[in-house]
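The structure appears right after this line, and notes come after that.
Chain nomenclature is as follows: A, B, C, D and E, assigned in order of appearance, with residue numbering initiated at 1 for each chain independently.
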Amino acid sequence: MSIIPNWLHRLSSPKNFYRFAGIASNWCGWIALVLIIAGLYYGLVDSPPDYQQGDSARIMYVHVPAAWMSMFVYVVMASSAAVGMIWRIKASSAFANASAPVGAMFTALALLTGMLWGKPMWGTYWVWDARLTSELILLFLYLGYMALNSAIEDRETAARATAILALVGVVNIPIIHYSVEWWNTLHQGATVTKLDKPSIHISMLIPLLLMAFAFKFYYLSNVFRRARCELLEREQGKLWVRELVGGERGE
Amino acid sequence: MNEEARIEAVGLAMSRNDRYIFTDLNFFLEAGQILQVEGHNGSGKTTMLRILCGLTLPTDGEIRWCGENIRKNLAEFHAQLAYVGHAPGIKDDLTPLENLELARNMDRARPGVSGEEVLERLQLPAFCDDVPCRNLSAGQRRRVALGRLLMLDAQLWVLDEPFTALDPSGRRLVEELLSEHAKAGGMAVMTTHHAVNLDGCPVERLQLGT
Amino acid sequence: MNEEARIEAVGLAMSRNDRYIFTDLNFFLEAGQILQVEGHNGSGKTTMLRILCGLTLPTDGEIRWCGENIRKNLAEFHAQLAYVGHAPGIKDDLTPLENLELARNMDRARPGVSGEEVLERLQLPAFCDDVPCRNLSAGQRRRVALGRLLMLDAQLWVLDEPFTALDPSGRRLVEELLSEHAKAGGMAVMTTHHAVNLDGCPVERLQLGT
Amino acid sequence: MSEAKLGVAFFTLLRRDLMLAYRHRAQMMNPLLFFVIVVSLFPLGLDPEPELLHTIAPGVIWVAALLAAMLSLDTMFRSDFEDGSLEQLLLTPHPLPLLVLAKILAHWLVSGLPLLLLAPLLGMLLNLGSEGLFPLLATLLLGTPILSLIGSIGVALTVGLRGGGVLLSLLILPLFIPVLIFAAAAVGNAEAGIDITGQLAFLGSLLAAAFALAPLATAAALRISLN
Amino acid sequence: MSEAKLGVAFFTLLRRDLMLAYRHRAQMMNPLLFFVIVVSLFPLGLDPEPELLHTIAPGVIWVAALLAAMLSLDTMFRSDFEDGSLEQLLLTPHPLPLLVLAKILAHWLVSGLPLLLLAPLLGMLLNLGSEGLFPLLATLLLGTPILSLIGSIGVALTVGLRGGGVLLSLLILPLFIPVLIFAAAAVGNAEAGIDITGQLAFLGSLLAAAFALAPLATAAALRISLN
């Protein structure tokens, strides 16, 4: 236990986490809303059409952030599941469980927008190249995580089992990222995330980054809300929950 | 056997699906003692035995072997342990003798004991020697599972309802084994809904779920 | 219930792997009687009960219900039968109540008995009502399995070690059920390695494998 | 004196199996997901040229449907066998073939029907033309119940055996092969503009025969397995 | 005082699993036969043109190997779990990952190795060229142990669950996909005369990583499943 800093330990008690998550969820929600509006404005109205792809390139402002999020959420989910398993912190496992559906949604969104974009660009909705496929695998990993989680009855056992699965699945993340280099594919190479100098015009970069942050905050807001629900359910017998529920009923 | 051996449960609590089965359970057992865990159906006896073996993690509290938490050195603790649970732990496709040899090789064997001797002690009929265990009756399989106690050099026996499916002669056999084990300085924790009668050995009792 | 009911085993013999477990077994049972099958482990009790139910085909001989070979009209015989074997026959994913309702709808139900009443009679704790059976303890599951006897309108009960895993109060419950059943004109065949004590009802005994 | 009613028993059993499937919603999705995964494995293992995919699409989809059906078959009687429910089923006063039919129907509703709903999507992924889509659905509609019916015989025979899963595949895959050949050929032909009523009629009569015979065979096999 | 010997335990366990497989020789053949059947389904489901078969041969053989491995995985811990042998394994004084490794090794010897022996024959059936044969064997030699190793994690996670079979496929098929892609691509490239040392090196390092990590993950998963 001494490995965990004291403040984290206090925060990770279900009761404190519940309260913190409530506040954080609201704040993140509002920030996300503002960023999305700004991002959409710059992206759809204020930025120039792509010199090659025309207006269809604007789908990028959803596709790219969603694709980034799909990988980011998985890493977050896996790490917090691992923390939850090793130190038996309920809040951490609840956070991981809450991340899975959100991550799956982002993955589905990346796939869907990618497919829509692919039709004008490559002339087909779907090709079996490495990046597209590994992204599809990511979706399966999320679904597998959720399936395993719901197949095990005992919550504590479920948390530990899914943590192992999540950790094993992390292997897929570098594969997704480097797939464009390892295989010659149709998909775009890194344009934004290149280390030296992004090969993208600044007027497109700004809305892209705005949307990326908007998605992050949306994710946080959503995941905190779900984690709260799960904690309430798991701790339903505990005193603090009964006080809370009783208090809200106005007793 | 180690005269100083001692197993101890400290502040044990267990919740299943957010309902506590038992809380703050404390007891200890020393060399030569036998503990019978009692309690109505669903009082948590099986759960407690599995925690004692280190198979299940308790929600709270710990088990100590010779004063040290068993999680610290699980391997050493398991070298001292023989467990016979609800499931027999024998392979249905192997003969009784092969099963016993297997148990011996996988764990710390009792020196100078052969599988044949053990089979004899268990009073299995002769034809069972080359019959796979799946063709044995419930009580015969139980006897093979109990054979593990004789094959292993374990100081602590943990037995979950060892009398299940045994006929009167089988029950007497288990009682004999238990009292011999206690006299030799071993210790045993067991659950059963029946009265046990170990000649000369006192049996401690632990009541769960009152 | 049918006062004339009578089950009869005629010249029963059974071989497993070319070894006879029993040969030329004859007995009968009439309304209101209870038969306890005894014998050492492996003497063929379980096998005999399964033959009696029509689950296993005997090597020789036949079972007669009211004078007629059960193979002639298996459906009618099964309508009179309730069997509780080694396996509980309940679905782990359903709650106890759902399991009882299932048993009722699949077979000939006892009129005017509700699942809730039966559960109460079985003394399951209240929280068990909405818990799937897989989360129950060994004895609690056994009780649910025995609930079938109360849900069905069967004249013949066949019970294989019904006392397994039950605590003393559970054993008393089964004894009560048995004596009520006998008094109402039912009949029962059971195996157990323990003494049964049905107040006022005589228990016939059949010794196997002597 | 009360009577045991066959209709009640049939629907109770059907409802029970559907309810058990629903309790494990996540697992109910599994054959489906498996279907999707297998179909997507092929383009991975092969060179993903649209032309090639187009050619192999009907075969791949049908092989995947077959494997998905087979995997889900395994659970049809196994859990009932292990917890003793199967014994109890044999001891009810109702004709066993009809009870078996209820279980087969439940199996098809849970694992066969959803394949039908998913097939158009997968067809699209594999570049199956739109002329092939309707025949694909028609063959799946006729073919998947055959898989459940024939499969049940195999499961009933292997239910008491260790490692039954693989043995099962071995017993029933050969029986599935005629279905596979005709169905895949029908889809291919339809794409090429050839008439396929003959093949559909063959599948239909196969279905009728399986419907009439499989429950009887399965019931007999169950009695033997439990002996 | 006697000592428990790790080496003895490792080989006892290995021998036990091999012996159990041998006792059920018929079942031992099953993954193999399944492999053969799946491979032969394809020429049935598709138009059996030599040119087409030739193109899809590596992919089909590898997909079949993958499915065969997956089906046989299911039995890896299940029977041990059901009869309580797994509990006893956890209660020996030996490090669990090493015991798990013995079981994985046994699994590979029984279900992976035979595929290697059979592959040349099937390659011939599917018109695989002789330049492709050696790479096919090399990828199978490197790849099938990976399937056993990674698969063991999935089995360990699902061993106590109902309907584990399909859930298992869902969990591990995605993890098998990289193996499939690289292996099938290697065989295809070799036939086209392209250098494949890169792909083989990738498979080799995947094997090394799986060898080092999978037993640990499996052991942890088993402890959780038995909790």
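Keep in mind that, in the parts below, a residue touches a chain if its C-beta (ideal position, glycine included) is under 8 Å from a C-beta of that chain, and two chains touch if they have at least 3 such contacts.
These figures come from a predicted structure and were not determined experimentally.
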Checklist entry - What chains do chain B and chain C have as common neighbours? => result A
Checklist entry - Counting one step for each move to a touching chain, how far apart are chain A and chain E? => result 1
Checklist entry - Out of A-D and C-D, which chain pair has the most contact pairs? => result C-D
Checklist outcome for this item: Computed over C-alpha atoms, the centroid farthest from that of chain D is that of chain B
Checklist entry - Approximately how many whole Å separate the CA-defined centres of chain B and chain E? => result 36
Checklist entry - Between chain A and chain B, what is the separation of their C-alpha centroids in Å? => result 48
Next on the checklist: Between chain B and chain D, what distance separates the C-alpha centroids? Give it in angstrom.
Outcome noted: 46
Next on the checklist: For chain C, give me the residues that contact two or more of the other chains.
Outcome noted: 86, 92-93, 132, 135
Checklist entry - Of all the residues in chain A, which ones touch at least 2 other chains? => result 133, 140, 143, 147, 151, 153-154
Checklist entry - By residue number and range, which residues of chain E touch two or more other chains? => result 24, 79, 162-163, 167, 170, 173-174, 177, 181, 227
Checklist outcome for this item: Which chains touch? The pairs are A-B, A-C, A-D, A-E, B-C, B-E, C-D, D-E
Item to check | Contacting residues of chain C [partner chain A, same complex] | outcome: 132, 134-135
Checklist outcome for this item: Given the complex, residues on chain B that touch chain A span 16-19
Checklist entry - Across the complex, what residues on chain A touch chain E? => result 130, 133-134, 137, 140-141, 143-144, 147-148, 151-152, 154, 156-157, 160-161, 164-165, 167-169, 171-172, 175
Checklist outcome for this item: The answer for chain E against chain B in the complex is residues 1-4, 8-9, 12-13, 16, 19-20, 23-24, 79, 82-85, 87-95, 226-227
Checklist outcome for this item: chain A residues touching chain C in their complex are 153
